[in-house]
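The two complexes that follow have chain A in common; it is paired with chain B in the first and with chain C in the second.
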Partner chain A sequence: MSEKHAANRREDLRLITGRGRYSSDMNLPGQLHASFLRCDCAHAEIVAINAKPALKRPGVVAVFTGEDAMAAGYKDFPNLLTFTNRAGATLIKPERPVIAHGRVRFVGETVAMVVAESALAAQDALDAIEVTYKDLPVVVDAEAALAAGAPQLHTNVPGNLNFEWDTGDAAAVEQAFKQAAHITKLKVVSPRVVPSPMEPRAAVIGYDTATDSYDVYTNSQGIIMMRWQFAALTGVAEEKLRFHLHDVGGSFGQRSAVYPEHGALMIAAKKLGRPVKWVSSRSEGFLSDSHGRSLIMAGELAMDRDGKFLAARYNFVCDMGAYLTPTGTASHVRNPAICTTGVYKIPALYANFRVAMTNTAPIAAYRGAGRPDIAYVVERLVDQAAVDLKIDRAELRRRNFIPLNEFPYKTPTMGVYEASDFNGCLAKALKAADWDGFAVRREAARKRGKLRGIGLSTTIEGTAAGMFPKDQIAIEFDAQGRLEVFTVALSQGQGHETTFAQVVADTLGVDAHDVTLRESVQGKNIAGNHTGGSRSLVGAGSICKVAAQKLIEQARPLAAEALELEPSQVEYAKGVFSARDGTKSVGLLELAKKHAGKNPHPLNLVAEGSVGATFPNGCHVAEVEIDPETGVSEIAAYTACDDSGAVINHAIVEGQVHGGVAMGAGQVFGERVFYDPASGQLLSGSFSDYAMPRAGWVRNINISEHPVISKVNVLGAKGVGEAGCTASLSSLVTAALDAVRPLGIQHLDMPLTASRMWQVIQQAQQAKVK
Partner chain B sequence: MAKIELTVNGTREAREVEDRTLLVDLLRDHLGLTGTHIGCDTSQCGCCTVHVDGRAVKSCTMLAAQANGATVVTIEGMAKGDQLHPVQQAFTDCHALQCGFCTPGMIMATAALLKDNPQPTDEEIYHGLEGNLCRCTGYINIVKAVKQAAETMK
Partner chain C sequence: MFQFSYLKAKSLADAAALAKTNPDAKLMSGGMTLLPTLKQGLAQPSHLIDIGGLSELSGIEVKGDTLIIGAATRHYDVASSAAVKKAIPALAYLASLIGDPQVRNRGTLGGSVANNDPAADYPAAVLALNAKIITNRREIAAEDFFQGMFATALEEGEIIVKIAFPLPKHAAYEKFPHPASGYAMAGVFIAETTSGVRVAVTGAGPGVFRWSDAEAALAKGLKAGVLDKLKVAADDLNEDFHATREYRANLVQVMGKRALQKLVA
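For the complex of A and B:
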């Protein structure tokens, strides 16, 4: 088995044989089970809670309410957005008790937690808890929430506006707009989605009375980020929080943060002196997992007579839901601000962001975390400008690309771009997609009764700049002298065990199977960033190379000793130290085994480095066919040419592009969270009502690479995790728009569901008849 | 309480469980076979797919009591010693998994699909996997894996 499997991902064997260990698989001796009562109204005062009847139910040990959350003081979540606006104002953070206290603000907010001897007993007791609510008016739309007279969610957030922040030069933009020959304007939405990794959230938390400390088993994106956030929420010192992390069933940003349920479980574990386990159902997940996207974006692009861009202006309304999550605001404000200029030279820029509260589930990072959103509005503007000016969409882009000789390019807002070859990437993608031959395919589709359109995107995203200033990698040798590599990154499907081991093995010149990666291991005192923001290969992965190089140098004196030579007389190649005259040699791993059992092993080391921001980019070309009779859209062809920098494992990179594009296709064609505007009820609360992408949505992707090696890290990598999402929203939507433009349709908003497409096509056809 | 006897991965098992116990909970909580996953509560995701008397079943839609006397195969029973099942082999060969959470259900669904239809077309594969959700791979490599497995099992 191992031999046949050898060429494939290291993590696969346990995952395909049912031996993966996910959070819900974890059990601690003596554990109790928690279940959460979630409110069924979107905005209400909690007049009274009577939990006593639940305590009489069989198996019930305790019931916890908002009183317990307030007594513990678990109500202030950390937030990654720390900068102020020009007036010096900071983000206003409303309190969020880990169990609601006094008021509920979205359907699904936790109101009480039952802890019982079994999960079923805990669930059974929920309906015995009596809660009296007094309904309050509801607002679910972010623009409506910011309007005068809107229901107010938090007393300390006047007008439901947490933060208003702007960047760029408003006066310069205004001046440029006055001189423009043409201005393209549009307003688009990036609809709210539910990240929906296939593994529901789960946690088991134990408390040790003797040391006043906690053991946490939960899904996560990495130990350091999680520990810091748990400590910030609860005030428990980081050294008293032990994290035992393991396989994670996808995340996409959704597990980047501490959740209220974590805090509630800590309260219960401490009070009851027994571990407490909770496994979310998918229905609970739809209500209470962090949601993603939900931005309303207006943009204006000014250009001269030749289509040369002069200035752009954006106005973002960022829906945060009812409370702030640790990652949501930074995702919606900081990340888009880095790439307001897209891949284009736009001399003057201005962007304004308003962060709003609504009676909906809180928003957090979701694959791309603001990067797909800014890319989407930039690309929609450029596409529309090409149509307005009757210039070929590829040609308009060529005229405005940041030229190769202008890197590093400092954008007028926040970004400093690393070198990229946008023109080369575009040319390669257009050729691969047969852009020039499209008319034939459109005509063939027309004969079949289908509307076929082509769209392209040329996008860029800022990645890799982590929250923590440096990444560390430890190399250690176990009791048998086997090489282990430690990182605080944590794969949620990215395949680090394969790629990082490959980096170390390639640097050392040894077999990858002689290197084992250990991720986010409790007790390993190393620093670094969690896995997110397309960062881990660029950060932790590149430090793996640094660590391997350091290992060679650290081993050289020991090798010299073993060979009875001066270190300067020892050469290293392909895993072996040799005398310069070739007379004798010792393998690195053999040397390590000779010293096995020493404590510490003399070859153990920690390497570190700081990795700056880098900028993956690419050109994607989509062709979409729409059946005008049904409104059903189909992706007829998809081409992706990406600059991910240097690629370590092509299969994994292709897999990331597949997954990212499919996720984009989900948002474009199907996924939409729908809250009833009057009641705030979630009407898309299961996979029956929420259209997840399925097999066949994206049938094939024609993938090529156009790497420009990054200089911010020793691997030359730029990252790829989010590229598919960033590029696909605009390529797919503009392809669909291109298909229906001949009918007179000028604008489309996601999601392009069959019913919506059928409606706009019908309306357009009726308008033509009139 | 329901007394249940069944064969799981070739082993006879007997348990007494609450009447309402689902087959997936029997497998995971009572038999410790955690390779079968629970990804939803509306029978949409297919993470819990197992074989009951040779047919693919979403084990969250079936009471354990309904499996009384049945022969059940889970992901843990697919490999024969060191020999991976061709569908398992195809999934790793084609990089048809990332996080791996949907994978056991995908593999079980695929094995059943190929039993009914040994040489499926692309359309038949899309249709056959309609009841299995994956959030990581975009399904492209999963479809490749189904085809490789079909080829191997010819």
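For the complex of A and C:
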């Protein structure tokens, strides 16, 4: 790769030297501080709240409760899942007052908000609020919640079932299953995780009486999406909501949605006439930040005698926690439905999704948002089928890949896949991983007392289909004539400042340092999608290229004028307009400076385009070693070969793959959310009890690229933000399963913590003895 | 966080006097356990008496056949001390496994031992090595000092000054860290001392304890494999959502076996 395309990220010096500007760094004159009282029971009626004693505490200005939330009418959150099921039913949305009213439904739900002159004063007054609860029965498991007789969370959600939706052709699947030579069945879970970005949630919200409008400083994934949600929750018009968004220290979907605390802060800011600030503690974050995943997935795969897939059937139970977040349902229902066939030709398909409420923290999008989950169940099925049929796992995949000549491939459910070379990607990955030489490594491990297994995944994910129909990019020149690019996307670590500037600079043929990216800037009247779903480069990034091309054409007449030539006599190359005869020239940036100070600058422009869905895919190969004495798993080797389409910055793509795989490793081996089934208490509520992935877990990743250029956008990019998560869950789990299969173990479920793995091994050994 | 007064003791005697005057005060050395406890509102002392910097509590020295370590000695200093590495390498190794670099550079030997967290590492070494806890009032044998989960023989206002470790012929420590906290889920310290082989277990039970079956087996000779088949009774061990007591019993056996392998290697 050229040096330019592995360039250090431009934002890193600022971010790693403490010069980032995060939400908690923001302060407004005269601000007050909020602290939230969170319930310590999982399901209860609120019989009474007495906030008066808290008002007597030093520095306390006001206390707000559910009454205030109801009076403001802040109780109906927007939801991205808007389609109906076959019967015409829509998603049932229970009310969620921004401060609980009448009833609490998960440990950590807000029951009161103290506003005080300092954050410590607000926090110290919490224990003066007297709340009387009447406990109700608790259900924390989604299947249990859907069973007859389960405790009911919301009066308008009978049976705790918000929505049931199916897709595909049940009759065709049934027919195919009847003719199948073999059927593989399994049931797996994608366990709940606490996403835990490094930066905690935070917000400062001010209210301007004169214009009846708000200023909001908070963590986000982009201005348009956030503004729309705030308006939908509060009924405040979008033009009365000004967002000031800066650096975001990780999001992974968790910062994409409006939260109850935002609404509560708006109520306080308006009532008190002073800005109100809140910064979450990590402990509060564990309880009240949206959680991710939490799906129970049953799958069946029918095949003929040669292992050719005939049909597949899925049954998903999607845990949403106690309330619906704006993104959770779409993540768990719409996104998995797009890639139900994986990378395989499966002629008949049926999938059923049930959305359930439980007494747990609400679920929202989490890196991949349903894509890793469907990929995981598909790959587990295919892997198990290979074992059942005694066919090599790679060979069974080869037999069933969608062949190159069948693209664009319309899946039996919702997807239309862009061209991809699954066979080529697999071959490259297997070679890089030395798949064929594995037996030697397994034997060497055995001599060291370790069980070593190898696993692979060949996965695909639908990305880039944004919520908003188009993406716009503005190019503007500031008072000094310097080039600025505006987008509504917002980096939470993706490195847009580097990549987007690189796209514009490469298109123009200028130095990337002459291009400055400005993200989600208040007052810029441009549209587009927030950053999420691996889409910003594909969408906003590709419009950066369109905008740069437009800039050259817009500048051409001005260049001609400056050179005293006809526009047709002016050529453009490497940032310079020249006379065709080479006698005179003017640089684009020089030209822009000549017009500096004009209002508007004559080269200012807005470019736009609509970018459809694209399909990153890849083959990952993992090797895992297990210590049978302790149950500890270790990633011994990891190879990733991804088709992310055209790559703009290889270093950033590698970083994304690395981070995605590490996050997958966290879900596979470490992260375990444990709600006590009887009490609904979150017992894994701190980093002392919740094992995040450590740097040492994923060491050397052997990364390669196998790009097939996308045709849906001018860059040819497919996106990479979620690929590491999507591919790694199944590659890691099947590697572990491969390691212990010789012991007679046929099934494993995440997380493969040491104690759980040891228990499975013990059971297998005891079964053998018997 | 609640209001409290911070007092910096000028001497050991000053610390003892301050503790006497302020019965609701807490002594603080490195603060690695106490401060998080305060932040969570689990303790609300009137005063914090900082004894971390007292010269009377510092220092590492070998006197005859005893290694003496001041109570305020930080884990990092024990782990990197040439004297400790020479005298009891297993103790230096143990200290290197505590917490993370930040904790090792703040947390102290005396603080850890006084707190007697059932999953702390040091109590295993103190008990297995038959160390003496020397306070501002008396000497306490390890055997008598540890009295179950977070409980010790220390009286109100009594301050650990130093700990005296008799030099063993051999010693080894093996630890299985909790995957999230890094505390010992099971830690086994084996020491061949002048008074016989002693095996102490931390992390697995409600407090540090001696593994008498292992001691009996090893009394017949420190040989590899002696602990391979030895079963550990699970009944009295801890159980939580992370691990069953059977798993912890298994870890004790495996860590014991591995410590022995190191010892005889």
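What we mean here is this: the second predicted complex is superposed on the first by the 763 of 770 C-alpha atoms of A that agree within 3 Å, B and C clash if a C-alpha of one lies under 4 Å from a C-alpha of the other, contacts with A are read in each partner's own complex, and residues count from 1 in each chain.
Here, a contact is a pair of C-beta atoms (placed from the backbone, for glycine too) under 8 Å apart; a residue touches a chain by one contact, two chains touch by 3 or more.
This one's a predicted model, so the numbers in the text were calculated from it and none came from an experiment.
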Combined model on chain A where chain B meets chain C, clash or fit = fit
Query = In the superposed arrangement, does chain B or chain C reach more residues of chain A?
reply = B
Query = Once the shared chain is lined up, is A:D124 touching chain B (first), chain C (second), both, or neither of them?
reply = second
Request  = Pick one for A:F438: touches chain B only (first), chain C only (second), both, or neither.
outcome  = neither
Inquiry  = Under the stated touch criterion, which partner chain does A:E629 make contact with: chain B (first), chain C (second), both, or neither?
reply    = second
Request  = Could you look at A:Y409 and tell me whether it touches chain B, chain C, both or neither (first, second, both, neither)?
outcome  = neither
Ask   = Which holds for A:T753: it touches chain B only (first), chain C only (second), both, or neither?
value = second
Note = Rounded in steps of 10, the angle in degrees at the Cα centre of chain A between chain B and chain C is 40
Ask   = Thinking of the overlay built on chain A, is A:F687 touched by chain B (first), by chain C (second), by both, or by neither?
value = both
Inquiry  = Which partner chains sit in contact with A:F674 here, chain B, chain C, both or neither? Use first/second/both/neither.
reply    = second
Query = Once the shared chain is lined up, is A:I701 touching chain B (first), chain C (second), both, or neither of them?
reply = first
Request  = Just the number, please: smallest Cα separation between chain B and chain C in the overlaid arrangement, in Å.
outcome  = 5
Common interface residues of chain A - those touching chain B in one complex and chain C in the other = 120, 283, 687-688, 692
Request  = Could you pull out which chain A residues touch chain B in their complex?
outcome  = 1-2, 4-5, 8-9, 11-13, 15-22, 24-25, 120, 196-200, 247-250, 252, 279, 281-283, 492-495, 651-652, 654-655, 658-663, 665, 686-688, 692-701, 724
Key: chain C residues touching chain A - in the complex, by the definition given at the top   = 1-2, 40-41, 176, 179-181, 183, 240-244, 246-247, 250-251, 254
Ask   = For chain A, which residues are in contact with chain C within the complex?
value = 120, 123-124, 127, 283, 629-631, 670, 672, 674, 676, 683-684, 687-692, 753-755, 758-759, 762
Request  = Please give the residue numbers of chain B that touch chain A in the complex, ascending.
outcome  = 18, 20, 28, 33-42, 44-45, 47, 74-76, 78-79, 82-84, 88-89, 91-93, 95, 97-104, 107, 122-123, 125-126, 129-130, 132-143
